[in-house]
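As written, the chain order gives the labels A, B, C and D, with residue 1 at the start of each chain.
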Amino acid sequence: MNQNTVIEKLGRRLRLGVIGGGSGSFIGAMHRQAATLDGRFEIVAGALSSRPDKAIRDGELIGLPLDRIYTDAMDLIREESVRPDGAEVVAIMTPNDSHFIYAMAALDAGLHVICDKPMTNTLSDAKELHKKATDSGLVFCLTHNYSGYPMVRQARSMVEQGELGTIRLVQVEYVQGGKADENDPVTDDVVPWRYDPIRGGPSLVMGDIGTHAHHLLRYVTLLEVQSVSAEIGAIVPGRKTHDYAGALLHLTNGARGNFWVTQAAAGVENSLRIRVSGTRGSIEWHQEVPQRLEYKPLSAPVEVRTPSGPKLSPLAQNASRIVAGHPEGFHEAFANIYKDASEAIASKISGTSPSSLSATFPTSYDGLLGVMFVHDVIESSKSGGKWVECQSVDLVTDN
Amino acid sequence: MNQNTVIEKLGRRLRLGVIGGGSGSFIGAMHRQAATLDGRFEIVAGALSSRPDKAIRDGELIGLPLDRIYTDAMDLIREESVRPDGAEVVAIMTPNDSHFIYAMAALDAGLHVICDKPMTNTLSDAKELHKKATDSGLVFCLTHNYSGYPMVRQARSMVEQGELGTIRLVQVEYVQGGKADENDPVTDDVVPWRYDPIRGGPSLVMGDIGTHAHHLLRYVTLLEVQSVSAEIGAIVPGRKTHDYAGALLHLTNGARGNFWVTQAAAGVENSLRIRVSGTRGSIEWHQEVPQRLEYKPLSAPVEVRTPSGPKLSPLAQNASRIVAGHPEGFHEAFANIYKDASEAIASKISGTSPSSLSATFPTSYDGLLGVMFVHDVIESSKSGGKWVECQSVDLVTDN
Amino acid sequence: MNQNTVIEKLGRRLRLGVIGGGSGSFIGAMHRQAATLDGRFEIVAGALSSRPDKAIRDGELIGLPLDRIYTDAMDLIREESVRPDGAEVVAIMTPNDSHFIYAMAALDAGLHVICDKPMTNTLSDAKELHKKATDSGLVFCLTHNYSGYPMVRQARSMVEQGELGTIRLVQVEYVQGGKADENDPVTDDVVPWRYDPIRGGPSLVMGDIGTHAHHLLRYVTLLEVQSVSAEIGAIVPGRKTHDYAGALLHLTNGARGNFWVTQAAAGVENSLRIRVSGTRGSIEWHQEVPQRLEYKPLSAPVEVRTPSGPKLSPLAQNASRIVAGHPEGFHEAFANIYKDASEAIASKISGTSPSSLSATFPTSYDGLLGVMFVHDVIESSKSGGKWVECQSVDLVTDN
Amino acid sequence: MNQNTVIEKLGRRLRLGVIGGGSGSFIGAMHRQAATLDGRFEIVAGALSSRPDKAIRDGELIGLPLDRIYTDAMDLIREESVRPDGAEVVAIMTPNDSHFIYAMAALDAGLHVICDKPMTNTLSDAKELHKKATDSGLVFCLTHNYSGYPMVRQARSMVEQGELGTIRLVQVEYVQGGKADENDPVTDDVVPWRYDPIRGGPSLVMGDIGTHAHHLLRYVTLLEVQSVSAEIGAIVPGRKTHDYAGALLHLTNGARGNFWVTQAAAGVENSLRIRVSGTRGSIEWHQEVPQRLEYKPLSAPVEVRTPSGPKLSPLAQNASRIVAGHPEGFHEAFANIYKDASEAIASKISGTSPSSLSATFPTSYDGLLGVMFVHDVIESSKSGGKWVECQSVDLVTDN
């Protein structure tokens, strides 16, 4: 099970400043609970809203003293970075278009960064931010939280250990119904930021969930997307942003993939699903029942792997907090990303190295690949389904 | 539940001659059990093998008298069609390349035909056979047996009744592991007929299972494929026939689809799965647990529909033989196709009309569309993923 | 897979006469389809109803010639047993109270018997019939059809092979909703035979489903019930026959059991479920998804066994007709009982021995134990839950 | 979703002292995470171990200042209750035998109490503690945490709203495999406290999990157990404490119940399951997949209710923190109990009334009924399965 290591040696919690995530934000509460669940972070400062009154009220609600509540995130970064007891890390959970500016500023100020996905809206921003993060020597963690589920980690370990053999075929899909209702009141006059291409990014469906599916595929298979033949668009009439995308994929080892994401599937809750087949067997995982990983060997009965159950890899064991049969869920998976980040940050602070069990959290590199993938999908779709070589391939080769 | 209608008025079983399906053929036993399960057909003649000794032995094994055992299917067709007590129908379950010649001969001889899928290997044969079947006034039934499952029929009814609203998104997949083993002894020297492109058709995976997936999509959605962007190939190294295909689809009402079939997913048994989302809700069906149809309305709890359970359409009710909770399976679904065909044939014989509940079985029209789809997928793949207008669209428009 | 053995050597189908099961009888169609599915029986005679006109009409409907349609079952037994081409076996599917008289007569006439459960209504009848069956040297098969499911047979094999270690704990339950509706029109004035204690037996719920659960427990665990502490009664107000029973059990090796059956659980379809735990692992099987057997080893991941899948016992393999992933259901399980019986009967006829794979079908011995168990449950319930030594224990010891 | 109410008006977190739950204690971490997840409690003091060195180290590990770390729980109670900034609540998670002494002392000192189950080991202690808690006017919360799952609360609401009609039949079971291994090193020489009848209570299986099952039955059905016919014992040879119990139940409205608990089912993880049937339908819930509640109406399709999904009661809605399809688990259910308790405590402090949505958490009354039930089961078992009137019935009548 979940073990303290570097953070324990550090002997104290990491000081965290939160940017965004005020009342009414689903993801805000998730980030804060993820940060504090394991007692590894202490929230010391916050700029929870760009509206001053809301920023103050929401800051008080989460127990911050008035002098650590900021009405401008840039103030938080500047002031906390110079206080002796200031935040060492900022967690950014603002609308997508401001990830870049805050993250850049935080890194410039010497703060470690935990940032919601997608990393940025534009490719040039993503490249610049990745370069900055790499050069800074600081920790940059991107919260592709689904990779924190114990059984996703078990899947990755099984691929890594060769239990599936050579990967041949992958299906990844992320199907939701949240944007299926055609009578939904969202119109052009009163768009939330997600529907605004400037603030929400070039592709609603890809920014919201497509980058999660892309990261999950890469996380589990340890392969990259080499080329893509895709279509992306809006299936709900009159919608001005994408609500579905489909793609066929070639992966770097020659494996074939199928990618399907949509937010317009009426009645579906949060169906992120991955299936991977190799020469020796297949695995299947479904986010709505995350406590099961099905392993289908080539010539033996199907096995079900469960958190804290038998035959788990150390990576998967380290991601559970509880004995077998007691389901953990979304919160705990999210907290695993924060836990990994805390180990990396504590290592930087104490000049040690984190365990490899904490080293699989998503970084600016994953964020850059995600933004590139969004662009490649759009480009292939524009060209009528033509196969597009992924820009990320050079990056992968360079890396 | 399942009711006799026209066949009961006819007052006797239909006389069936079987072509192919000798010992060792999985599908042969299925056809014969499907034909006889409901007491609607009597097997009176057979040419079970092209090897004379095997034809005789296998014919005796299924209880045929020696004078109704044929060592050449053409003899069966010629002789049975002129006997006063001769077969009225032939069921063809030979390798794919001979479907055409036997079906043409049977229709020419005035016999009704029940034929295994795919209808033919070549497009020109499919067109010619479809024309012949249409002109003959005889019944031509193609055994896309998965459309016989009660819950597949319930799905179709729900689409037809508008319970899903306008169809927006479809995912259909057929994943098997039977050809996943790279150490499988099948080589170029000793190919079974399925691996031989002349006998098995241009695409193993499409002929075996892709046409089933294509038909299932059409059967449930009542839509046609308008255009396709696809890739097809062999993922197992050294294999000379296709073992996977992926495609993005545009359907005739503008809906988007995702299509994925493979026989190379190690450890997967027979995972045919369809999901359809409309403006009012989604449905999901999985062949490995065929007794469940999940219905996910836009804003109400998920419902599970079961055979002989509450709220079924007459079409679905008519496809069950048993009270709720007693699973029926593959055999009974297959038998539903034979049952439908028996109603159509008895109607022809007695000059009446079958109930609309028996009128959804696949015909030469569906067979032709299936063969066309195989060609469209191959063409799009050859052209590098380009969207290809389906040839079938004109046919649909004409029809 | 399912293989012909003795019946194949015999070179012909067995001649079967059916008693009961006219139109409107669910179980009648099941028996006839089970008998003919594998081509092992030919239905040559029938007395399908005690109402002469219905007997004739129903006989014609299933294709019998007029001279083999009987309006009295005793006539069928007498006449068929002396015809040279007469029935060799009778299948009895009449109301429970007439099982005894027809079965006795058939055995006296030298006919093998396949009989629906419960074997008889009274204990004295059960004892007499069991003695007759044993002395006759004829085959007596009782259709506890759930023991025909491939995964139930796999469960038995795993117990037999010691894969579960010493059995410690068993839960068996059979929950249905068919008699849950309190507004059901069945009243004292118009009782179907099942509600009539003389015709339906002393306990509706035990006769209908309790004896199935009891047999399933014994079939899978290879243990007998040694003593029982039970309650039985009617939960629906005003009902004059039992609709639920619960019991705690001691099994012959000291294992503990829990038994629960009811037909008054609104909305439940046909939930027969067994769970067995031994020192080395547990198994779980549920009739509503019969194609899955879960095996939970003491310290290894859960495995799912499937029909025709990997690691099956010969007993389980012999019970499937089809490749993995193509669900078989209730019909095919029922047919497995007929198939076993056909092997035993053909062996008697040809003077050979059937394979041990065909030797697990229920007999008059199982029927007698079932009737005894019904009485023990009622006795314990009457005595206020007191532990009652099962009468069957002596029988078991004798056997 | 989960809303702040009274605690928000109070404007601060409640000050909590923790007793027990040092490193190595699974339940300790659960309690602390449950307390802090929603930002409603601040852990200000602790006596985490009875071993002074461990108490200090573990206290520091969870971030307590040295002067709030106690090496004796009685010191914590005495000193914190007089500090101006002292703990207002204590959470007791020590071995079962010390619950009584600490809870009594805390109540005497005017502190609210959150206590792990079972409440006490002896019936006389339970009665005395319940009286004290009632008389004190303080909040006493017993952590039967499974009643915190959103879908358990939905089940209760559906019963309360009459959606199931009159309750007729209940099955509750709690099956685990944690004590199945007969080669487990636990012996008489080195017993953990759970195996010691003085410290762990008269019945290991009932104290550990039986009281949970009993509470769940009462929580969901809103009925009490009136009488019981039971057996309890050890199925693992040589074991000196109970590892299984079975019982038939009469509930206060005449409904019948079946109760089955064991910790000796090899390979089973944590299978707590409840099924309730009423005149209008049934519900089924299983702790291992807690995000699903199946509702089976008398004559309509099965519905699946999910957290934050459609058609939930306010009680269930209030128990989720997240949008539909994002699984919450054991931690969040446990936290719901703490959340409810925080509302009750904050109400006492501020002199207001908590919302009825927060009023279903278990109290000393439930704890007393649980301890009484353990004794009734043991008494019935000793008397050979005789039906025993539950002592709690008078209590219920009085209440």
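Following the convention adopted for this analysis, a contact is a pair of C-beta atoms (placed from the backbone, for glycine too) under 8 Å apart; a residue touches a chain by one contact, two chains touch by 3 or more.
All of these numbers come straight from a predicted model, not from anything done at the bench.
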Repeat of interface C-D, chosen from A-C, A-B or A-D - more than half of residue-number contact pairs shared: A-B
Per Cα centroids, the chain farthest from chain C: A
Comparison of B-C and B-D (more C-beta pairs in contact): B-C
Chain B and chain C: spacing of chain centres that average the CA atoms, whole Å: 35
Inter-centroid spacing, chain D versus chain B (mean Cα positions, whole Å): 55
Residues of chain B engaged with two or more neighbouring chains: 268, 295, 297, 299, 302, 306, 309
In the complex, chain C residues that touch chain B: 8, 13, 26, 29-30, 33, 36-37, 39, 61-63, 176, 178, 268-271, 287-291, 306, 309, 321-332
Of all residues in chain C, those that touch chain D in their complex: 164-165, 168-169, 171, 173, 175, 177, 180-182, 229-231, 233, 235-236, 244, 246-248, 255-256, 258, 260, 262, 264-268, 275, 277-282, 295-300, 302, 380, 384-387
For the chain C and chain A complex, residues of the former touching the latter: 295, 297, 299-306, 309-311
